[in-house]
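Next, two complexes with chain A in common: one pairs it with chain B, the other with chain C.
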Partner chain A sequence: MSSQSDVVPSILKAFSGKVSELELNPPQSAILVDAAAIRDVFEYLRKDTEFKFDYLSCLSGVDAVEHLEVVYHIFSTETKCKLTVKVKLPPENPEIDSICDIYKAANWYERELSELYGIKVNVHPDMRLLLLPDDWDQGHPMRKGWTGDDFVVMPEK
Partner chain B sequence: MGIVSKLPVYMENVPGGGLVTTRLEQVLNWSRASSLWYMLFGLACCAIEMMCTGASRFDFDRFGMIYRASPRQSDLMLVTGTLTHKMAPRIKLLYDQMSSPKYVLAMGGCATRGGPFYYDSYSVVKGVDLIIPVDIYVPGCPPRPESLMEGCMKLMEKVKQEKLVDWSRDVKPE
Partner chain C sequence: MDDEKYIEIDPVTGTSSDSGFPTEEFMVNMGPQHPSTHGVCRLLLTMDGENVKHCQPHIGYLHRAIEKICENRKYQMITPLMDRFEYLMSMACGWLYCLGVERIAEVEVPERGEYLRVLMTELNRIASHLIFLATFGLDLGAVTPFLYGLRDREYIVDLFEETSGQRLLYNYIRIGGVAKDLSVGFEKKCLKFIDYFLPIIDDYEDLLTNNPIFLTRTKNVGVLSRDLALDYAAAGPVLRASGIKWDLRRDDPYGCYDKFDFEIPTGENGDTWDRYIVRIREMRESCSIVRQAIEGLPEGDFKAKVKPSFKPPAGECYTRVESARGEMGAYIVSDGTNKPTRLKLRGASYNHIMALPEICPGIKIADLVAIFASFDSIMPEVDR
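On to the complex of A and B.
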């Protein structure tokens, strides 16, 4: 009983109230998780379920203007199940807990998330700038409406 | 093949041999233009065209151009590709490490003016000439090897017009 269609119901059962289902699309199910419960959910997905989600394939940020979103794509090399985990954050002072100790691959993704979207990542082992220049002081370039020193906006046609 | 011009000399036959008269400036310029060793600065897809130009099909070697991986041994820096703000201090450092006289060729749209990354980009420097002085611009995205060769031949013409008094110049970007 570790097929793709069982993933979401089992998580909803384990975390009732903190996790809601976004869409039940068997090849790639998606769930929405409370920012406060994110570590518990990933600990559970990595270690406790029979699905054995052992691979973080992608971690990305989305600026949806009215809120920010962090999207985790996880995969199981054993049961071949996939899951998308989304977290919604407020645009002012967004904060999220690091999952570096659960998935080591999250380290650089979270650094990228922090510098490009300005999402503060709590308890991260190494928060130096990854992609931006070392002396960068112009904010977070992937946020909507951002402008910098030599930033040129494409003129409207 | 007539790609590299002959040394401009006046030759006079005298009994028992010959006499060659020329100018020091011309000899030095000729020898420098005929052996422009270039430093690899492959930053993006233009570097693939540069490699192709250096390989046997297009054969940069017949111009006397040999790639060097060290700034100390090179006369010319081929900036081939997209220069990011993160890379900019490094390209400045390597340019400063080259010994004078030194030349820079900006290959492709990105190195010239940011190319397709001119608009809506936070990371790309809008032209290598904002960081280091550029002698030749080669347009294209990416330019074909023929374009790069044309650019290098234009640079050779420039080198041949150098004056002895200019050699000590130390060009600093504004």
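On to the complex of A and C.
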């Protein structure tokens, strides 16, 4: 048991309806999770599965223009399994629950999400700006279509 | 006055014999411009005398928006930018990015290219660990390791200059392979360096490893427990010092690392001394990998053909490589055009500095310098 190919089926079984499988290129184990179920899913992944996902490697925001994505890459140092977890959010008033009490590493990544993408992170202990200056008032720079004082889009030749 | 009380301070714990002795909390800004923060990092410390009660890291002083710039560049134009992500181990950054793009676009790298990547990255790892050794000694007040470390790093930098033309930001690893083949006589010079360098590591150890002053400053200082290390996704030598045998070169092999034979040194307690000794042992392992790479170096092409108008298909992947500081990751999203939609970079130093407030309470401010140095954090990797 606990081989890479069993990861997605076992999660689908535990969370029917809230989680669906994602087909990505290149092939990898990936799931799409309802924004409302994100905490339940991560608590299950961290504590309950035999796969022991103990390592949150990366948490990224992606602006896909028609929607926003939050992508979690988690791994296990024991079983060496990998999993990509995706959440899709609307571009207006996006909100997501914090998971930084489940994986402490999520703390700063979520602060980045909030300042660079304008995704509101619920129940986060410390929501100050992280990378941007304290007096920043030019919006969320990682959104597509953002324009700032010094930002120039490279012309196509 | 004969009723004046003599207050004894315990030299180890720093507590006074008179617990009622009043002290006043005060704040200290360590940084942003501070020699021992290795870049521009501000630690806002709440102090009780000389003891740190609370530490709050402030980052972002070196934020150059590399991720945003990358979304605005063609794929081949990004490789020189990647070197700026983490300048002490540029080879690993370039490899990380190219690995991701090659996985999405299914580019096959020739075997000689893979071997050259391993060879250069391991030399770069030794160079980076030498900078660690140099600055770690300096931060603890030992100047000799600084001179020795930089002296020996110079030999490696010369080898890089000969190969790539650069001494710090090499832009050597490209999509599909490497930029240039080895220069004439490189193998001989490199083996000569390894033969010279292995006994030198023993000299470093004579200087520091069992030095009583060094031991007092590092043993049981800044213990990062196994659970905390995992929870904060610490990586590389920091994670291994906490007793977790985890190395991406073995556990999630990329390139041709599965053909190499090497040990993964680990520590026991996760203290500052363990983080030091893990890196020293890693230098020996890297020497062994460099030797294996030169001895097994296959003939043939060093770079696959990649069109100037390179467009990978739509796709996404998260790749990670083991840099000198630990897991370095890149999440690349391609939408089929000649520029990436998203390029998220993840550096291990980011997580190590995030974990700093957990180990700070109760330590002396001088020990904070030692702990920070033992993480070997590098700020461009944190701020991106």
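Assume the second predicted complex is superposed on the first by the 152 of 157 C-alpha atoms of A that agree within 3 Å, B and C clash if a C-alpha of one lies under 4 Å from a C-alpha of the other, contacts with A are read in each partner's own complex, and residues count from 1 in each chain.
Everything that follows uses one rule, which is that contacts are C-beta pairs under 8 Å (C-beta built on N, C-alpha and C of every residue); 3 or more make two chains touch, one makes a residue touch a chain.
The structure presented is a predicted model; accordingly, all values stated were derived computationally and were not measured.
When the two complexes are overlaid, the chain among chain B and chain C that reaches more residues of chain A is C. Applying the stated contact rule after C-alpha superposition, one finds that A:Met154 touches each of chain B and chain C. Of the two partner chains, both chain B and chain C are touched by A:Pro133.
Contacts of A:Ala36 after superposition on the shared chain: neither chain B nor chain C is touched. In the superposition on chain A, A:Pro141 makes contact with both chain B and chain C. Contacts of A:Asn107 after superposition on the shared chain: chain C is touched, whereas chain B is not. Taken together, the two complexes place residues 131-133, 141, 151, 153-154 of chain A in contact with chain B and also with chain C. Against chain B, in their complex, chain A makes its touches with residues 131-133, 138, 141, 146, 148, 150-155.
Taken in their complex, chain C has these residues touching chain A: 59-60, 63, 65, 67-68, 72-73, 103-104, 106, 228, 230-233, 244, 246, 251-252, 313-318, 320, 327, 329, 331, 333, 341-342, 344, 346, 350-351, 354-355, 383-384. For chain B in complex with chain A, the residues that touch the partner chain are 85-86, 88-89, 118-123, 126.
Across the interface of their complex, chain C is touched by residues 24-26, 28, 54-58, 60, 62-64, 71, 73, 75, 77, 80, 82, 84, 103-105, 107-108, 129-133, 141-142, 151, 153-154 of chain A.
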